[in-house]
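Across the two complexes that follow, subunit A remains constant while its partner is subunit B and subsequently subunit C.
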Partner chain A sequence: MKANRWYWAVALAIAIALPWLFYNWSTGRQSGFAVTLLSEVGLMIMFALSYNMQFGHAGLLSFGHAVLFGLGGYTTAHALNGIRGAELWIPMELVPLAGGLGGLVFGVVFGYLATKQRATAFAMITMGLGELVTAAALMFITFFGGEGGVSTDRVIEASLVGASYASPIQVYYLIVGWGFVSILLMKLQTQTPLGRMANAQRDNFERTQFVGYDPRLIRFYQFVLSGFFAGIAGGLFVILHEIVTFDAVAASKSASALLASYIGGAGGFFGPIVGAIVVVLMQSGVSLLSSAWLLYLGTLFILMVMYAPGGITGLLALHAPIVRIGRLGELIVPYARALLPAAVCLAGFVMLVELASFNTIGASQGKEFSFFGQALDARSVTTWLGGFALLIVGGLWLRAESRTFARTFNALLEAAKTEGGAR
Partner chain B sequence: MTAALSLVDVRKNFGETQIIRGVNLEIPKGQRHAIIGPNGAGKTTLFNLISGRFPITSGSIALNGERIDTLPPHEINRRGLSRSFQITSIFPKMSVFENIRCGLLWSRGYKYSFWHLLGRQKALNEESERLLERLNLQSRRDLTAGLLSYAEQRSLEIGITIAGGAEVILLDEPTAGMSHSETEYAVNLIRTVSEGKTLLMVEHDMSVVFGLADAVSVVVYGEVIASDAPDKIRGNKAVQEAYLGTEAA
Partner chain C sequence: MEVFFVSLLNGLVYGMLLFMLASGLTLIFSMMGVLNFAHASAYMLGAYFAYTLSLYIGFWWALLLAPILCGLVGAAIEMYGLRQVHRHGHVAELLLTFGLALIIEKCVQMIWGLLPVPYRIPAELDFALFDVFGTQFHAYRAFMLAISAAMFGMIWLALTRTRVGLIIQASLTHPEMVRALGHDVPKVFTLVFASGTALAGLAGVIGGNYHTTDPAMAFSMGPIVFVVVVFGGLGSLAGCFIASILMGLLQTFAVVLDYSAADLLAKFGVTVSSSTPFAELLTIPIPRIGALLPYILLVLILFFRPRGLMGTRDT
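And now, the complex of A and B:
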């Protein structure tokens, strides 16, 4: 338990220190891009973790989680505008709670409908609700502001700590504060009767009935709590961007939570954190380099579903027994050997994708195609053949290499098992 | 005194097919009652009707004099009736200890609480440990339940079933698929955990039935053809013809 507290403290310290890595000491200014990116990561982590309260912990595959996030956002935007209008003194630090309450209230409404069912039917209902709210966001202008959304101004000059929240770094620290508390609460929730019964209901819903629980109510309460945390994230989103539009409730936003949870690993608590970081880095980082970033994210998702259903954290956890017997070092060489063919294969794939995307978009803009700083003729057959060659040679080589790798890995796992048994 | 469980003219149809064709059964408090009968006679269906898993077509089922035949399973469970399943039904991804604790939660008043941390519930955790000891599973405490041996999983399921302190316990073939020694162990376990409670069980192993039950009912084609003390059942002509006889032959 003590070691655990230590991890939390370190994580918080890292979150606080991170923006200063990008601080420009000569001009004395924060990097706007880095601070916004880090803020987005924080929001995505909260959003993905709240999603995983349903998906990973309760086995509820939702396609409409952004509804709770976005409605939390709209609620917060109206709350902020209301605070300004009425000249109330409500400290900014408490405003995200409006989002949480918005998420909670809409969680009750939508949860009542969706949690009547589980499994596929639940997924279908959430998908329908997502479409319904997105359509409503464009139709009901009074609350949703139509296509323009609802804008607000976060500088309300009321703060418990004397911050004005005019600068993004202050908003970042607001996100860190609420994020830390939310993550901690969500983690603790897994150790409560409701959290445990959510797992129980996921694994064997019928059994939960015969120990006295109504599985529907377990799903409902879990859904509502998840809505609360999604709403807080939505509230912080509005404070960060000072605007919320229908994008915040749309299907692609819901999908990003699913992607983050799955890629990071929905089985454990911390997986979605890793997944959220990956998703935001691809959204904001890779998108600067390539217009095909969504295709890469999709490919990564498919690969994870096919080869690593436990997600990134699941892959790491596979190594735990080998670490325990202190033989992780023996995997360095096999990994290094697999790395080269993997890089070749990836380069081939990226080259083909970029060629295709260049010929449809880039060429018309009169740009030159270059790959790793090398100018190439995007229309020549040789370039395309080169891409295919890299992909195929890399792929075959990787397949051969992965067989050797699997042998070494399994042998080590076997060794760990016997050693564990001998103890 | 009202019976622990009483079934009056209970019927169940699946479409056109009559599966349970008018069952009448009185089980007094504290009795260990076995239900036997050939495959497909409707024994498990009867269990599913009593525990609320399926709705009945007609008739009535009462627990301690109170009608339960329209209640959902969790309501029936809260009124003091608990059951196990023919195909082991545990929480396979949780630890053995967690399984037992999940069985205890409702009866100890935790409901859907998200403000109690389970690690700090001393009384609850101690009670779970004591139950693990009674089940002889304390050495498996932290193992994932799905990794237990078959017989251990059956023991665990009995544990989950009795954890909530139900007064009426339904066990569906608790010793099916067990070796001789495992069966012996399971019978002793069932005997101790059903002490002072009402037990209704479906069982195929006659040594278990005659060793454990105070009364036996024979179900054939959805009807109870005889219900009596074990010795008398053994001597019952109709039963021998319908069931015991065919097995002996």
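And now, the complex of A and C:
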């Protein structure tokens, strides 16, 4: 743990420094897009980590985690409006706690219902709750504001550090602060008896009962705590956007937490951080270029489920023994050889997807289809055949290449094992 | 009375459609333990395939071919997807189908567009069959009822009168024992998955033009089918049938009864005004709650009775 403290400090320093990379020194202004994007990344990291408290650490697959996030958001919006209305002096730095408490309270209610079951039944209950709350958000005007949502104003002129939170960069630092504290707390939680027992009941359900713990209670506490952190993220979301609508509780928001956790790697603590960055970059970056970003994300998810259940961090961790014996260099050539067929295969896939979406959505906008700067006729058969050819040739080539790659990789792993044993 | 009778018929039509979807899912879920999120996507694919096919070769050929195409898609998913992730456990299988459902919805949006497609009832069946208390009963509804009833009969015959059917029945309750007896369970899995998907596709073919064919139809139908499967109970097709019909009737009647809790209170002399506590909750008419009913039922059933109506084991 002692050595790890350095990483925390470095991570915090990077988070503080990042917006200044995009600072426009000639106009003296922050890049609005970059700051908002970084804020979104921060929120997604908190949201995905809180999701992983259930999914990765306790083995509870939830399809309704956004409910806790969104209800935390609605609570915060009402709290902010209440503070303005009553002219209370409550510093902005404490307002996200309202979201956390909202997430906690609703976590108690929904957790009581959902954690009675586990595995598939738990997944279905959370899905039902998610759909119920989404429908309720459109139905009840007083609390949810219907389709328009609840809007608020974050400038309440009360702060512990004298910030007005009128500019996005101040909100970003609020997110960094709360995010850092929450991540630290969530990390510490994994070392508490509760965190350990959550792992235990995930791995061996019967024995946990045998040892004398009530698995339902463990699930319940884990669910409620996860709700608290999701609620804080929701509160910060409201402070960032100054509005919360039913989208914040909807199924697609829940799905994004699942995708982020799984793609990043649900097994370790830090996986969802990587996944959250990937998901937000896809959401905000790729969506500028292509309307099919969700398809790419979904495909990445399926590939991960099929070939890399440990996620990105899991893949990296596979290399650890090879690094330890100092023979990572031998993997460079096999990786380079796999790179070209992978690129061909990817290009074919992207081309087909873009062709399809161009013909339904783009063509009506009167645009020309171009691929890597090359203008192509989206209606001609040759273009389509070209796409298929790239995909199939690349795919077959990649398969052949992956066989030799696997042989080298396994040989290195074997070597690492024997060397580790000899030591 | 007339409202009651018409709703009864409509509920029956809807219930039978649900059964076509849910029977496949019950078989898959009970045998393989996989909650197939992509099942409702097969329903959507069936409708879209039928729409495109009917433009070229007419509705009747589409009725035959679209379910077969869906069955092939299902077989491919089972053989190249589920079997691959099976060693990672049930959660991985569930996640795979979840990802597939996402992708299929996106693909449908890309190929056929975001708006509903004009998939219409065939002209041969576009007439009123008979009048019930002055309300017309459409011939297409009778056709849907006939198709679903025929399917129900075929499933029942296949499960009770054929050798494969008996193995499937045995695998519903004792999958390990069937494997131990030397039957090729993976092949049976593929068969069940493919035919379940084909049935869902067929439901899409006949349901898509009755309701609307749009990219959201899978995600709106999915939870309802899950409710039916859970309500009916794992490993029980009879329970699934009863649950489908009940669900169909429940949803149809909920649409017709335009009352709210406030109306009920008014009978007892309590008037609800905007200042009454929970006024919003009390004045919501039943048709609007009807849309929520599947989800409320899903949560309640799983909370109180995860075994369902006639299930042999917990969900």
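Following the convention adopted for this analysis, the second predicted complex is superposed on the first by the 423 of 423 C-alpha atoms of A that agree within 3 Å, B and C clash if a C-alpha of one lies under 4 Å from a C-alpha of the other, contacts with A are read in each partner's own complex, and residues count from 1 in each chain.
Operating definition for what follows: contacts are C-beta pairs under 8 Å (C-beta built on N, C-alpha and C of every residue); 3 or more make two chains touch, one makes a residue touch a chain.
What you see is a predicted model, and the numbers here were worked out from it, not measured in a lab.
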Side-by-side fit of subunit B and subunit C on subunit A, or clash: fit
With both complexes superposed on chain A, which partner does A:Glu206 reach: first (subunit B), second (subunit C), both or neither? first
Going by the contact rule set out at the top, does A:Met197 touch subunit B (first), subunit C (second), both, or neither? first
Which partner does A:Val305 reach: the first (subunit B), the second (subunit C), both, or neither? second
Which partner does A:Thr360 reach: the first (subunit B), the second (subunit C), both, or neither? second
Is A:Ser380 contacted by the first partner subunit B, the second partner subunit C, both or neither? neither
In this superposed model, does subunit C or subunit B come into contact with more residues of subunit A? C
Of the two partner chains, subunit B (first) and subunit C (second), which one does A:Ser164 touch, if any: first, second, both, or neither? neither
Classify the contacts of A:Leu217 with the two partner chains as first (subunit B alone), second (subunit C alone), both, or neither. first
Closest CA approach of subunit B to subunit C after superposing, in angstrom, is 12
Residues of subunit A that sit at the subunit B interface in one complex and at the subunit C interface in the other, please. none
Subunit A - residues contacting subunit B, complex: 188-189, 191-197, 199-200, 203-204, 206-215, 217-218, 221, 225
Quick check: in the complex, which residue numbers of subunit A touch subunit C? 59, 61, 113, 116-117, 119-121, 123-125, 127-129, 131-132, 135-136, 139-142, 251, 255, 258, 262, 292, 294-295, 298-299, 301-302, 305-306, 309, 353, 356-357, 360-361
What residues on subunit B touch subunit A, complex-wise? 51, 53, 72-74, 77-78, 82-83, 89-94, 98, 101-103, 105-107, 110-119, 160-161, 163-164
List the residues on subunit C that touch subunit A in their complex, please. 33, 35, 81, 84-85, 88, 90-92, 94-96, 98-100, 102-103, 106-107, 109-114, 219, 223, 226, 230, 280-281, 284, 288, 291-292, 294-296, 298-299, 302-303, 306, 314-315
